[in-house]
Amino acid sequence: MIRIFVTGGTFDKTYDEITGQLSFADTHLPEMLRLGRSRIEVSVRTLMMIDSLEMTDTDRDLIVRNCQQCDESCIVITHGTDTMVETAAALARRVSDKTIVLTGAMIPYAFGSSDGLFNLGSALSFVQVLPPGVYIAMNGRHFKWNKVRKNRETGAFETVS
Amino acid sequence: MIRIFVTGGTFDKTYDEITGQLSFADTHLPEMLRLGRSRIEVSVRTLMMIDSLEMTDTDRDLIVRNCQQCDESCIVITHGTDTMVETAAALARRVSDKTIVLTGAMIPYAFGSSDGLFNLGSALSFVQVLPPGVYIAMNGRHFKWNKVRKNRETGAFETVS
Amino acid sequence: MIRIFVTGGTFDKTYDEITGQLSFADTHLPEMLRLGRSRIEVSVRTLMMIDSLEMTDTDRDLIVRNCQQCDESCIVITHGTDTMVETAAALARRVSDKTIVLTGAMIPYAFGSSDGLFNLGSALSFVQVLPPGVYIAMNGRHFKWNKVRKNRETGAFETVS
Amino acid sequence: MIRIFVTGGTFDKTYDEITGQLSFADTHLPEMLRLGRSRIEVSVRTLMMIDSLEMTDTDRDLIVRNCQQCDESCIVITHGTDTMVETAAALARRVSDKTIVLTGAMIPYAFGSSDGLFNLGSALSFVQVLPPGVYIAMNGRHFKWNKVRKNRETGAFETVS
């Protein structure tokens, strides 16, 4: 059984046709799992629906405590890419003995041309086979939480040493 | 570096608007990797573009030899789901010391609502972390080649003991 | 009020993931009208769900009688493109004083990249402003029933004199 | 021959994956015409790429002059929905003897689930058959420029008397 925590991010941004702005409504996770014909046992819980640039220490604390307290030892977290590394670090300091994989998207899933489904397939796969630790799964790759940064110019995640 | 061998299957079926039939043209793999913002080093080679129900022993032999002879030790094969298990068995008998993951799709990628992108993200992730052996990655799960079958009624892959 | 009769055709073909074949299930018309944010008053009725190459004289007779007997004077018919011209001729011989527009698609709507939504918007617009008669709306154009043929090599509809 | 003037609006909004904001790049019109298998003779010209809430009198003057000076007597204008009615009024005051149809979208075309393709098919059809005048084509309907308003709560266009 894999636990999935939803926190928002580009992954779940929606176009609000009345305001003409991007916004958050419900998560697309269940629809994405259906589309991917996923047969993994998962339990999905939405913790927040926010842009990761607006994520506070209190929000991060909530994520950490949920990871500590849940029964599952395999956890995937959908998260905005801008501060994904920061949340990964907070988790690494306070959660041990669990495999936690954070993932997200550069393009909202509600756009037909999103990388979200690829990343979700990737994160759910890595979490099943990686040893305990905190990882980021983006661009088809996985990174240890303290060996990665987002390149703000290209949008890609890359290894730092 | 991951080697990707393309063999066709539902993954790459296209709708031919002149004949009104499903057919094969070029593979969608490069487009899918672009959409997924994949930053994995891959080398893609199309071996054939066929429905896996029409795959012969000669075709399987070609796949096996390509896996034996390529330099890469991580290999993903896109394949029709109907005889994926059979090809996995042929590979297991004749290729060792390499991690080979077969994947496919229930819905053609050219359809907007395909599971292909999810499965591709999954297969490319499993191949990076699983020990040498032959596996099938479908429905978000991975199976050893001799512990899996396709359930023809549900379309899902499931464990056999 | 516009009457819409559904008869099948490429428009409504679906990919059956168990058999791997194209098939017909329910019509996508209501979903397409929703997607187009249509505010036209319409009444949708499915007469049949078949490939137009398999349409018999009895089927055509059923279409004709429905057009004769319905209260609406504006009618859109979704239809396979292969014998659309033949059905248009049957209608022209036996229905007068109504504006009837036949339309279809080269690519199934269930594929993300269909021309169906464009054609539906076109047909619903033409039917509101053209004088009584039987027309085909394809490729953004409208044709009188006796001035059109489908070019089987290009898939496009063109004027004949 | 139909002239198409592009002015931006939701129709052409794109998601900028580096900034995470909606923005304008190139118009999607040619791609949409290709998708719709349009065989209408058109000549496309981008006049501006802006949100219609930011459209100034100078911008509107540019649109008017282009409509006055072009050779074609059938003109489609893609336009943001928020001030579409205002531009229609400016055109009606200064352009006569031409059929001008303004259209737009509630959802960007770059989103898979846009109403844009439906509206484009509709606008291109109305412009071929309506008498000279200025019209808005939205929601499958057409409205005279002085008989329409956008309902800001529902997002739909409706008749005013």
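Every chain is named by a letter (A, B, C and D) in the order it is written, and numbering of its residues begins at 1.
Here, a contact is a pair of C-beta atoms (placed from the backbone, for glycine too) under 8 Å apart; a residue touches a chain by one contact, two chains touch by 3 or more.
Everything numeric here is computed off the predicted structure, so don't read it as measured data.
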**OP:** Please flag the chain sitting at the greatest distance from subunit B, going by CA centroids.
**Re:** D
**OP:** Would you indicate which option in A-D, B-C or C-D repeats the interface seen between A-B, with over half of the contact pairs matching by residue number?
**Re:** C-D
Subject >> Whole-Å gap between the CA centroids of subunit B and subunit C >> reply: 38
Original post:
Between subunit C and subunit D, what is the separation of their C-alpha centroids in Å?
Top reply: 26
**OP:** Measure off the straight-line distance from the CA centroid of subunit B to the CA centroid of subunit D, and report it in whole Å.
**Re:** 44
**OP:** Any chance you could list the residues of subunit B touching two or more other chains?
**Re:** 106, 112-113, 155
Subject >> Touching residues on subunit B, where the partner in the complex is subunit C >> reply: 10, 15, 17-18, 20-22, 51, 82, 106-108, 110-113, 152-153, 155
**OP:** Would you mind writing out the residues of subunit A in touch with subunit B in their complex?
**Re:** 32-33, 35-40, 106, 112-115, 117-126, 128-130, 137-142, 155-158
